[in-house]
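Chain IDs A, B and C follow the sequence of writing; residue 1 opens each chain.
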Amino acid sequence: MAAKRSNEPFLWLLFSAGGVVAALLVPVHLFLFGLAFPLGWLPAPAHDTLLALARSPIGRIYLLVFCVLPLFHWAHRFRYTLYDGLQIKHLNELVNTLCYGGATVGAAFAVYLIWRIP
Amino acid sequence: MAEQIALEITRYSPERDKTPSMEEFEVPLRKEWVVLDALNYIKDKVDGSLSFRWSCRMGVCGSCGMMVNGEPKLTCATFLNDYAPGPIRVEPLKNFPVMRDLIVEISDFLAKLSKVKPWLIRKKEKPISEGEYLQTPEELDSYRQFSMCINCLLCYAACPVYGLDPLFAGPAALALAQRYNMDSRDEGKSERLDVLSQHDGIWGCTFVGECTQVCPKHVDPAGAIQQYKLTAAQEWVKSLLMPWGGK
Amino acid sequence: MLRYTEYPPRGYRVRVSTYWWTGRRAYLRFILRELSSIFVAWFVLETLFQINALAGGPSAYSDFEQFLRNPVVIASNVISFLFVLFHAVTWFNLSPKAMAVRLGGKRVPAALIAGPNYVAWVLISAGVAWLILRG
């Protein structure tokens, strides 16, 4: 009586990993780049300093994790919010494609951009 | 005359009414009275046709769950005094079809309950001559909390996912599945996982967490479901790494 | 005999309102928690622009910095920041529920799992800030 194999565990693992990254790393980035530097609370780092950080192998991996996992975190949560908040479970397929598809496109874009860092 | 308190109670008779309506009753406000006492007072003294379920009057049978001022409550454990001066709104449990007045139709839950196989599954029973299945206090402790459920369904009334998607297995059934999964005497984990690692099973839960808040027995169904998700995810990784592992 | 059907035909059914999440404070908190993911995704996009600008050289990057100083962008980042904090706090507080850690036969109390989350949060944030500010 094996039931249909479900890919939910995989999506949930991505969601959870993304949730951890979003909780641990996003706030400090958002605070520094989104608030502290533009408002002049802290001296903004120069372009070459940041580039040096971003281009190192560890920097690239870090950025990849930072961008890709939270996108899948978003996809998962947003999908359920659309289902439940708007009661559109019948548009299941469409919502799934939109959310996970969007995250996948975003992830591919991230890979491309990070790859391209000179 | 003694102090009175007003109760607004849902009335619905499938033969007579198209939709439920509210009816107001006055009952004496006694310090030691719970909402269920007020309902029984009405049934005895005012309107014998008022229908509701109850049995034990002591928070054990789980049959007296209703919405009290919009919150799912065991009416035998909800004191009138806490709501004084009233009025107190008493409605049937949310998310279930109403059969009459305060009585809801719960066969959906019963069917789901049996689907999660809430009993000990053994691959092979050992003969009686070999004695009982022993369990240490620690082993008991690991599932004890989940075994406290009295099937009162307050958690279903608090769960928006169940309200939106009646196919969702729901908090108590999933917590009970976990109760047997965690039991050291049980060998049915993978059988249950097949049923429950589905969208209608654990993955339907979005961790709103209200089931845990309203549970009168501190079962923590929300926690049980998240723990189950973790286990299911681990199983999934394992089956990925060892596809030949089988069960 | 009453037979089970997945949608019991008997009884009066109330359809859940589309605005169900306004019904209880906890539901509203839940929806806000879920919506925080939009702000997370939005900031990831901002970061992708940033990476693009970084790769584009100093002048492209100073254009990007200029964009971040736009009051509308700052306002949106303030809102995002509040949502992201809300996400972090709810995430750390809920994680002990999903992990029933047992030590010596006893379940480790929730605060002992959530606590280290916060410590890690502070340390990692400080580490990241130090790396970025050092230069």
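By definition in this document, a residue touches a chain if its C-beta (ideal position, glycine included) is under 8 Å from a C-beta of that chain, and two chains touch if they have at least 3 such contacts.
These numbers come from a predicted model, not from an experiment.
Of all chains present, the one whose mean CA position sits nearest the global mean of protein CA atoms is C.
Here A-B and B-C were compared by C-beta pairs in contact; the pair with more is B-C. A separation of 11 Å divides the Cα centre of subunit A from that of subunit C. Mean C-alpha positions place subunit A and subunit B at a centre distance of 37 Å. Taking each chain's centre as the mean of its C-alpha atoms, subunit B lies 30 Å from subunit C. Among the residues of subunit B, those in touch with two or more other chains are 160, 164, 206, 229. Those residues of subunit C in touch with two or more other chains are numbered 16, 21, 34. In subunit A, the positions touching at least two other chains are 80, 87. Here subunit A touches subunit C in the complex through residues 19-20, 22-35, 37-39, 42-54, 63, 66-67, 70-71, 73-74, 76-78, 80-81, 85-87, 106, 109-110, 113-114, 116-118, going by the rule given at the top. Put simply, subunit B touches subunit C in their complex at residues 12, 14, 19-20, 70, 94-99, 104-105, 107-108, 110-111, 136-138, 141-142, 160, 163-164, 166-167, 206-210, 213, 220, 222-223, 226-227, 229-230. By the touch rule above, subunit C contacts subunit B in their complex via residues 2, 4, 6-8, 10-14, 16, 20-21, 23-24, 26-27, 30, 34, 94, 97-100, 102, 105-107. Across the interface of their complex, subunit B is touched by residues 1-4, 6, 8-10, 12-13, 16, 80, 83-84, 87, 89 of subunit A. On subunit C, the positions that touch subunit A within their shared complex are 16, 18, 21, 31, 34-35, 37-38, 40-41, 43-48, 50-52, 54-55, 57-58, 61-62, 65, 68-69, 73-74, 77-78, 80-81, 84-85, 87-88, 91-92, 120-121, 124-125, 128-129, 131-135.
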